[in-house]
Amino acid sequence: MDNSINASEKKPNIFQRFGRGFVQFWKDFGHGFVNFFKKLGSGFKNFFVNFGKRFADGSIGTKLSHFIMGAGSFYHKQYIKGAIFLILQVLFILFMVMCPTVNGTPYGWKALGNLALKGNPGGYDDMGRLIEADDSTLFLLFGLVTIAIIILFIIVYLVNIASSYKADQDEKSGKKPTSFKEDWGNLLDSRFHILMLTPTCIAALVFTVIPTIFMISMAFSTYNIVDMNDATEPYMKNLFHWNGLTNFIDLFKGKTTLGHEIGARFFPVLGWTFIWAFFATTTCYFGGILLALLINKKGLQFKKVFRTIFILTIAIPQFISLLAMRNLLNGNGPVNQILMNFGWISKPIGFLGNNTVGDNPYLAKVMVIIINMWLGVPYTMLMTSGILMNIPTDLYEAARVDGTSPIKMLFKITFPYVFFVTMPYLISSFVGNINSFNTIFLLTGGGPSVVGGTYVAGETDLLVTWLYKLTIDNGEYNTGAVVGILTFIITATITLIAYRNSKSYKEEDTFQ
Amino acid sequence: MKQKKVLLTIRSRAILSRTLSYLGLVTLSLIWIIPIFWIVLSAFRTEVNSDGQLIGIVVSNYFPKKFGVQNFINLFQGQFYGVKGVFPRWILNTLIVAVVDCLISTFLVLSVAYCMSKLKFKMRKPFMNLTMILGLFPGFMSMIAIYFLLKSIGLAGNSADNAWLNIVGLILAYSAGAGMGFQVAKGFFDVLPSSLVESAKLDGCSNFKIFWKIILPLSKPIIIYTALMSFTGPWMDFIFAKVIIGTGAPECWTVSVGLYSLLFGAQSDVNFFTQFAAGCVCVGIPIVGLFMFLQKYYVEGVTAGAVKG
Amino acid sequence: MHSELTPFRICRNAIIGLVLSLGLLITTLCLPFYSYRYFTINETMKFIDVAKANHHIAVPLAGAILALVFIVAAVILMLFVSKNKIVQFVAKTLTILAAFAFIGLFFTAAVRLLVIPYEFDYIASQTLESGYLVYLAYLLFSGVLSCYILAIHEK
Amino acid sequence: MKKGSIFSAVLLAAMLAGGVSACGGSGNTVTLWVGSESTDFYKDVATEFAKEYAEAGGKSYKIKVVGVDTGSTGGQMTSDASACGDIVVTAHDNVGKIVEKGKALAFTDEALINQIKADNSEEFQSVCQVAVGANKTKYFFASPFISQALFLYYNKQYVTADQAKTFEGLAQAGAQAGGKKGFTIVGTDGFNYSFNLLARKASDNSTTLRLYEDFDVDNCYAQGDDEVASLQWAKRVFNESTGGLLPSDSGWAVEVKNGNALSVIGGAWHYKAFSAAIGESNVGITKIPTYTLTSADVSGTTMSPNTVMQGGSFADCKVMLINAAKGEKKLDFEQKLIAKLCSKDVQVQSFVKCNNVPAFNGALEALEEYNTAHPGEINALSLELAKAQNQMFSYSIPQPFVTGKLNTRYYQKQAPDIYKNFIAGTIEDSARQVLYKMQYIWQKGAEPEEIPGSLPADID
């Protein structure tokens, strides 16, 4: 990576660059979107074309394997591979037809029907006996799992056809089709990445993709425990159903159908999330650099001792140090007591806004940023001290020769170099701070509460901690999902804009 | 004479700036240590109120008047959430989760990172972008969905008699997500010269042999860094464990969930504060020890990771 | 250039500083330290009486004296055995420990000053005697001094 | 790397095996979820009963008792019943919500049903029944066994018995103790404000408040002049230096321990925490004090100044119900066990051993009779607690939130938060506007779009 910094050339200031980046981004986004669909279209087109071609000129085995999986492999005497394909097909058919049921909710084709969320509410008969009720969450979940299994099956189905087609080509060109042992062998060599990535992909599918889709779909449903408990018919308590975009519309209308002003709190919380992410990132970043410069000052001894002390705070689990801080600044904790003894204050200050109702929100916000510095600075310090070590010393020699003062050297050489190298980190830490849950949740629990009820966001609530309050504390899953989706859209656009603009993205490929 | 004076002023100015830096560094170190020191002090605080009962709440004097280990004894034998002597169970649970998760996650992270960094295949860029995008979603909703998923296969929300199933569920939930966090390890593998891979390929080793015999022995720092991160993960994590096993039987909680629920749970009691501090010390010391012991690798991992971001 | 700066010349300021902080320490011990209406009706107390009354006060002061011994030993080592690497290292470690001790104690002493009335669980009127102020001055001065001693060593 | 992984695999196997054996358990265990202060007592009674049940030819069951916070079991049962115990103790207002979710089983055992009818008052019987099925037949789903109401704990070091009779006395004690707050409350939710909301005229024990009378969602009225004056009193007192203290992050126990508040309005379940805070010897218990409305409090109302108001409360009972998510195999044993645990003599023993005040009719007389028969077994304080609670019953109503809808609209639709913010002074609405909003939320489940000019206004 070349790092010759020609400090003389007049650099456009940060806002112009960001503005140009923003416009550039949407232009790229537009034509990226267009050619994405163009590619998709052509992809489908030639998919079906060669599907037909394979069917046409494939051997009988390949033709058969379109219907009975593994037939192609049996045809080419790859018995084990054929058996595996066949077993998979049989299992898939059994799964779809027999609809195995768990906790009274079926998988298989019934699960696809249940996706319409029209279950029976259950209740009691006249003899006081319980009628089993359906559970919409399981309907939604099992429906998604069934869809995922169908997609996996289609992939295996295509692999089965491709492998028998390849076996045809091998036979045509005189080579013996690969035996099972060879297949297994080249899994370790040419197709090594498949072996290595499959466990992660399956784990990602089951534990990340399906749950994320589950969350997104909740935003279009009436899944809200407070309202379900408030339902007029007594037994509609377990069921929720689709209601399209009403949740989104209500949020922006400033009042949801339930009549409390969740919408009115969205933009203030969004604003504070940005202010928090900006200050948290910058204070930790520059604090870390200054601390690193201080520790790595030439001629200073015991560098390792000081560095270990600061690593101590990273080593302590966050919830311990944060709860310690919360109790230190507690209404009856040492700090307040000392101030009161000294007579500076008459009643305890709600430093973190959770002492009594009506605490000062600005103090809580400032304190949260300061305590976050206490947590974040050591990490950045560690990172920058690593980078400071490998700044080429000839730059400093050249500067010293023409007599630049140490401070000028700092701004002309050290800072630009460190910025350039840590740009990707800056972006990821900005996004990380938008989603930083622990600091706010453990310190202020959302800070001084705002007029309008417990599950409306408090003063220091971020989108993420508000999401926690909405979903886990109060069961408002649909409104929470809406907030979750909007948080995603915002963070995604920022990350993509910043990532594409940063030099490291452009050089990412060259570095390979 | 003037020349000597100039020399002296430069030297004395250097000494002055160094004195100030030392003063600044010592003060900053103390500021960073005071809250941690306060927790350790509270852990050993055994002041007694007029009735002879141990004061457990947040006391206002920074220095305790009486020291002792009574809090640790109460913590280990105490009955919390209806279960006697539950704290050692919490530590055992977290240890099991940490060890198993460390093994699985390290393998997953290293395998994915190696593929992303050294192997060429067409799905590489889309996979990288997909992981980045999935990482942007706030985690809660998927945590709730994971809880429902695990519950439907009986690995979450179990009552006390098969509480260990909840632990297996938590291990699955932790290690499943690990594979997506390959960026730091990829940063490290990128630095390894790809000429190594080419030369090994020339004399006929399979990719697997290259990975196992050549790359892994060379990447001891990143293995230790990843193992350290995934081992300390379950000790440090709080919110993920609270959602997945927080509703199950107290016997199957991890230490972080247990300690949090001492102060803020349904049966929390303000008198538990000093026992909470004792618990923090029990959790904190092994992890800090581990960090200090593996500090060299941790620093290397952080710097390598940051460069690639 | 280095030859002119003999170890003695380097440590000259340090030695003057040591003498000063020793003086401060002795004045702290002799001057009246606290004044408590509670203990002795309307009389001030020497440090020794306070230490007997509440042994918690003795601990920080013992630390302060020990730290002073550390930096004195460090300076002596630097003066007379300035060639030997290991001895230099020992001297430097003693100095940094002293620095931490002094500044740490300064923080807590300042805090303790405010909490003391509460410490004895009653609301006494605490009038501050000169002894305590000198104690704080001694701690701060010695802290800066130990940083200075560290600084005069170039790596 | 190889040697390390084998070793850790062996280590893991050993630990998992250890984990498994530690909490293995057979199928037919019955898990009891009871209040954490009375786990040992109920474990002994239940195990002994299980032995009798087995000897009498029934299946042998193992009993497991888990200590829980019975205030939060209602929420757990509605959100995740399969993670709860077989028999669960909860407050009576959660019964409707749990039954509507299909998580409780109806009682079919005649002996149990007759015992509930014979032992309990009309109100307690009505809150334990829910009408189910097409033609709304009523079934018992819960059996009451502990009665609860709010009363006053005070710190005898600073407050005399007379001062504890009135809020003005508490304020006087606060002043004497150097500007300390007279009283504090445990929480800022709808339950802990009931002492002010449900207050009645001391002279004729009358109130204009109607809260879901005969469980009808529209039969509410909160805008009477006595309520307005009472609310204005509360706002004044909570902002006086020796008046009421709003709960803080460190919790009421720390405030009481540090002497910042000299008394607390709480229930029997706070007994242990209060005596731990100030020492058992200093604990005083009495009914909730009265307060006198000043001319400032009654301004804007037809109430005459110096009217004396008696602090009110909810008169609730803790009930046992059977968790439907655990299936119906153990139904017979579970019903007989509940009949045993809720029988009169077990309720009395539960009071003697764990301070749980019994719920059956004429409980106080039975306790006094037991006290004279076995002097010294019941400690004086517990008896005072039972007396104070019994007195409060004459000024209280049982929580009327017996269906999911009423329960949600009273607690979870922000009425309590408007009340809290009014008292803390963070909103500018007047007392009448606050009461209009609360009544609107009770009936409609949402805040009113706008507030009519002239109040009180009825809500269609």
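When the chains are written out, they are named A, B, C and D in that same order, and each has its own residue count from 1.
The working rule: a residue touches a chain if its C-beta (ideal position, glycine included) is under 8 Å from a C-beta of that chain, and two chains touch if they have at least 3 such contacts.
Being a predicted model, the structure only gives us computed values, none of them experimental.
Trainee: Indicate, using Cα centroids, the chain positioned nearest the centre of all protein chains shown.
Mentor: So the chain nearest the centre of the shown protein is B.
Trainee: Sort out for me whether A-B or A-C is joined by the greater number of C-beta contact pairs.
Mentor: Spelling it out, more C-beta pairs touch across A-B than across the other pair.
Trainee: Can you name the chain that lies farthest from subunit C, using the mean of each chain's Cα atoms as its centre?
Mentor: Chain D.
Trainee: Can you work out the whole-Å distance between the CA centroids of subunit A and subunit C?
Mentor: Once rounded, the distance between the two centres reads 53 Å.
Trainee: Averaging only over C-alpha atoms, locate the centres of subunit A and subunit B and give their separation in whole Å.
Mentor: Taking the average C-alpha coordinate of subunit A and of subunit B, the gap between them is 19 Å.
Trainee: Averaged over CA atoms, how far is the centre of subunit B from the centre of subunit D? Could you give it in whole Å?
Mentor: 40
Trainee: In whole angstrom, what separates the CA-based centres of subunit C and subunit D?
Mentor: Distance between chain centres, rounded to whole Å: 58 Å.
Trainee: Which subunit B residues touch at least two other chains?
Mentor: 14, 18, 21-22, 29, 57-58, 60-62
Trainee: Could you tell me which residues belong to subunit D and also touch two or more other chains?
Mentor: Touching at least two other chains: 250, 254, 258.
Trainee: For subunit C, write out the residues touching at least two other chains, lowest number first.
Mentor: Answer for subunit C, listing residues that touch two or more other chains: 96, 111, 115, 118, 150, 154.
Trainee: Can you name every pair of chains that touch?
Mentor: A-B, A-C, A-D, B-C, B-D
Trainee: Going by the contact rule set out above, which residues of subunit D touch subunit B in the complex?
Mentor: Listed in rising order, the residues of subunit D that touch subunit B are 1, 5, 8-9, 11-12, 15-16, 18-20, 22-25, 29, 31, 36, 39, 64-69, 71-72, 76, 80, 82-85, 250-251, 253-254, 257-258, 273, 276, 279-281.
Trainee: Inside the complex, what are the residues of subunit B that reach subunit D?
Mentor: 49-51, 53, 57-58, 60, 79, 81-83, 89, 92-93, 95-96, 99-100, 103, 151, 157-164, 167, 216, 223, 247-249, 251, 266-267, 269-271
Trainee: Please give the residue numbers of subunit A that touch subunit B in the complex, ascending.
Mentor: 102-103, 105, 137-138, 141-142, 145, 185, 188-190, 192-193, 195-197, 199-200, 203-204, 206-212, 214-215, 218, 291, 294-295, 297, 299-300, 306-321, 323-325, 327-328, 330, 332-334, 336-338, 374, 378-379, 382-383, 386-387, 421-425, 427-428, 431, 435, 437-438, 441-442, 463-464, 467-468, 471-472, 477, 480-481, 484, 487-488, 491-492, 495, 504, 511-512
Trainee: Taking the complex as given, what residues does subunit A use to touch subunit D?
Mentor: Counting only subunit A, the residues touching subunit D are 122-133, 225-226, 229-232, 234-235, 237-238, 258-260, 326, 330-333, 348, 350, 352, 354-358, 449, 451-454, 474-475.
Trainee: Given the complex with subunit B, which residues does subunit C contribute to the contact?
Mentor: 1, 56, 96, 99-100, 103-104, 107-108, 111-112, 115, 118-119, 143-144, 147-148, 150-152, 154
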